[in-house]
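Shared chain: chain A. Partners: chain B in the first complex, chain C in the second.
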Partner chain A sequence: MKGFLASMYVGLQIESNWTKKWVWLLYLAAYPIGSFLAVIILYGVFGQKTGLLPYALYGTIFYYSLSMVFFDMAFSVHDDREHYQTLKYIFLSSTSYRTYLCGRAATRYLIALAGIVINLCWLVPVLHLPFHPNWGYLLAGAFLGYLVAAGLGLAMASVFLLTIKLDVDVVDALFGGMFVLSGALFPPTAFPAVFAKIAEFVPMSPFIELMRRAASGQVLTSFLSGMSTSQLLGRVALSAAILFAVGSVLVSFGSRQAQRKGYIDVTTAF
Partner chain B sequence: MHTSIQVENLTRVFNRRGTAPFHALRGVSFDVSYGEIFGLLGPNGAGKTTTIKIMSTLLLPTSGRVTVAGFDVEREYARVRPLISLISGGETSGYGILTVEEQLWMFSQFYGMETPVARARIEEYLKVVGMWDSRRQQMNRLSTGMRQKVNLVRGLVTDPSVLFLDEPTLGVDVEASVIIRRIVRDWVQERPERSVILTTHYMAEADELCSRVAIINHGLILANAAPSQLKQDLDSRAHYEITLDRFDAEQLDRITAVMGEGNDLVLGADKATNSPMLVAHLTHESDIARLITALAAQGATLEYMRKLEPTLEDAFLKMVGRRFEDEEEAASPVS
Partner chain C sequence: MKKKQLLLFLRTLNARAYVRIFGQMREATWVVASVLGGFFTMTTYVYLYRTLGTGSEFSGLVVLGGFMTPFFLNVLWGVATQLYWEKEMGNLELMLVSPAPLSAFLVGLSVGGAMHTMLRSLAVLFFGIAVFKVRFAVLHLPLALLVFLVTLFSMYGLGIVFSSLFLYHGRDAWRTADLVMEPTNVLSGTYFPARFLGVGLLGIAALIPTTLGLDALRQLLVPSFTVKVLDWRWELLILAGLGLVFALIASWALRSVEYKARRDARLTLRWQ
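Moving on to the complex of A and B:
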């Protein structure tokens, strides 16, 4: 537990320590805007009639809370190893590397949530977004979302433990692909049935849909509309449990494999 | 249990793309007792760091077995890790944005230490290394030597039983090296269950600190003994350098005859004063008395005399050099 909290602390320090606290808060608020702005323009200008803006905006916002985490996981393996050269010392400590990563993920997730909350404060009134929160679902969803994000993050990290060169293009492509497939931006039901089917099984989509409903208080499209919100919650819980378990197994495997190959302390920067 | 660490027949092969598998360790065995500072010496690429990495659970061996405090490093690494600390020299590890204090506290938390205990230890060791005043400095503002001291403190704060030091004084100034060596020596003596594994390229450092050293080259151990033993084994004869006011070749012949079989005398000149200088290699150290008497009988006056002690460096060079020659034909693929 101490190790977990210390990991959160490192994450927070790395995130925030480069500037004064108030500048950082501003940055926190401004950072996610870039990703929402494209959606607002896309739907606001070209797709006004579709009425899909709330769907896409909530989708993008909550996808953002997940993607921040697994992006960060990929980079934290790389940075700890190459840049800070602390990976081996963390690895050798009494805290398991999985716990460390979960701590880092927790910080990132909370920061992302904070950014979301700050931005919703102006997005809701300005864009007249439907906002009838069900706090119970929101809180439960936010907690399960952490497990989803951490699970995917651990899987990401295990890949990067075994990859010496950080290939940013691959990471970008992966996240872009998942963004589209998870139905964050377009309702997958607008696509051929195959896609809709795939989207249902993309691990993030039930979480995103749950959060949409929990925040807006409405079922915004027909995507996953066959499920009641409580069924959806069950579905998210299930996928969170599976993802977290898979992530944990992968990171154990990745650590062992990295130990075998001698990748825990490689540096490529000469 | 008297052995802190047992290394049995350790091998490690690195598979590198496009080249033949590289045998970094080819059957290394040794053990380290409690209370000991054990040195690993060897030229670049000998396999010292590889050995340390395997012992400290960073790397898996290809074959062989290592136990630390009775725990197998390959299977029981979770039991081993709380007992050990690794400190590598010549690196710039640390979160630059954290202060010295924050960085050390953070690592103590990874070991589950209570904050007050951790704070007290951090204070104690920062004072020992003379860095208490820099505790609020950011890591990225520190010089190499200061960082290395923080690195050492990080290793000590968590109260390990085994300390792995991979070139701990690399890039550190003379004064700081002295401090680091003193800390390591005091630390190991403080409690009976402690031990240290040290690699270094400074022979004097190994000679000063280590109760035993292993000389390793091309992944094989060539010798494993106390530094004094290695120096003695190098050459059992005693060597003296004697500067005289005057001495010639004729007198040399006479004295050589007096000293007899097994004692060699070589006449040269002192580089600085150009006075005649006699180098004597004696089978028995006690023969020096006879030599001095004989020189006096020849009417030569001693200006200066000193005993030439073999150094660990001599022993090292002789051993490693010999192996190089042995292996010239069977040249293994070196990177």
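Moving on to the complex of A and C:
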């Protein structure tokens, strides 16, 4: 736990000590806007009659919170090894590398959630979004969502540990694909039937739908509407348990192999 | 410029462009991942438009936007931030003590970046056309190529302007680039006609060369595209003007920021 908290502190310093505190707070509030700006413009101009704005907006911002975790985990391997050249020291410390990654990503997740909360304070009244939160589901969903994203992030981090030239574009491509399929931006019923079915099994889909319902208090479309909110919570919990366990095993394996192959302190300057 | 200086400029340009073009080809995953990433983003917006029930011509607009996006990303992360990364890796001091001009490094970087990005953009365009059955009018293809090249000139000019800022600033500039990347991409009308932004936002967005460049390309290649910002001829003129202005600002900014960075001892200041 001490190592986890220390890693969270390191994460906070990396995220915030590049500027003054008040500038960073503005940055924190402004950063998520990029994730939903397109949604507001596109649904505002073309989709007013569809009534899908709340669906897309909630979906996009909650996907954004997950993307921060897995991107941070994958990128921190590259950042610590190539940029700050501190990966070898992290491995020498008494904290396990998995704990370090989880701690850093937890800070990133909390920062992303804080940004979402700040933005919902103006989005809900201005855009008349339905907002009848079920705090129990929201908190449980937020915790389980972190585990889902951390599981995927740990798996990606293990890949990055074992490859020295892999670009973060791979993470962008992978999670870009999941973004399309997860139904964050539009109901996957728009896809051909096969892809619509696959969309139900993308790990992020139930989390995003759970958070949508927990925040809006409504079932906004027919996507996953056959499942009750508690069933969705159960499915997110199952995904979280499986993904986090698999991610943990992979990153432990990746750490051992990377040390054996001498990949911990390799710099390529690519 | 004397002949010797010109030769040095061209040699530096060639050397930097070579690294950018061939270095980026050495790792197949980089090419595959960036093409896939662009394709997935394009797919998202094509299906979004289908959900919204807009006309099929919007698929064409999205595919053209997907074609230009890798260039925008290359300008931001491959040109604007490059001096920052060179500083972080310890190469900048070597570049500055060499007789080669810094501007030649950046022009070489831009030329090389544009060429290697072209391959990725063409792949995204190919997949977009093949998968979404998009048809473009080829009647004005030479004019479209001219607009495209002028847009690139303007975009990379802007990239070199920003690289000066990155030379002086550190992580704060990097964070700022990260912050503005998505809003800038959205405001430039990559995935929808820029005219829908309204006059106020459009005035700001027009300073991003992609906005008018994409609008002009859509007029020339998508016959049913009617929601233009200005006639493409005017847009071409504005883009050429913007390109020249950016080139002048870049030349001045690079000299003055390099001087300021030397004076304040920030050229070798890493991890800040």
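Quick note on the criterion: the second predicted complex is superposed on the first by the 267 of 270 C-alpha atoms of A that agree within 3 Å, B and C clash if a C-alpha of one lies under 4 Å from a C-alpha of the other, contacts with A are read in each partner's own complex, and residues count from 1 in each chain.
As a convention for this text, a residue touches a chain if its C-beta (ideal position, glycine included) is under 8 Å from a C-beta of that chain, and two chains touch if they have at least 3 such contacts.
A quick note: this is a predicted structure, and the numbers were derived from the prediction, not measured.
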Task = Could you check whether chain B and chain C clash or fit when both are placed on chain A?
result = fit
Apex chain A: angle to the C-alpha centres of chain B and chain C, given in degrees as a multiple of 10 = 80
Inquiry  = On the A-aligned overlay, A:84 touches which partner chain: chain B = first, chain C = second, or both, or neither?
reply    = both
Message = A:131 in the overlay: touching chain B, chain C, both, or neither? Say first, second, both or neither.
response = neither
Ask   = Who does A:262 touch here: chain B (first), chain C (second), both, or neither?
value = first
Query = Residues of chain A touched: more by chain B or chain C?
reply = C
Query = If you take every C-alpha pair with one atom in chain B and one in chain C, what is the shortest distance in Å after superposing?
reply = 5
Request  = Would you mind listing the overlap between the chain B footprint and the chain C footprint on chain A?
outcome  = 18, 84
Ask   = chain B touches which residues of chain A in the complex?
value = 2-3, 5-6, 9-10, 13-14, 17-18, 84-86, 88-95, 100, 256, 259-260, 262, 264-265
Query = Can you list the residues on chain A that touch chain C in the complex?
reply = 18-19, 27, 30-31, 33-35, 37-38, 41-43, 45-47, 50, 52, 83-84, 165-167, 169-170, 172-173, 176-177, 179-180, 185-187, 190-191, 269-270
Request  = Spell out the residues on chain C that touch chain A in their complex, using ranges where they run on.
outcome  = 23, 27, 29-30, 32-34, 36-37, 40-41, 43-44, 47-54, 88-89, 91, 170-172, 175, 178-183, 186-187, 191-192, 196-197, 271-272
Ask   = Of all residues in chain B, which touch chain A in the complex?
value = 14, 53, 56-60, 81-82, 84-86, 91-98, 102, 106-107, 109-113, 154, 158
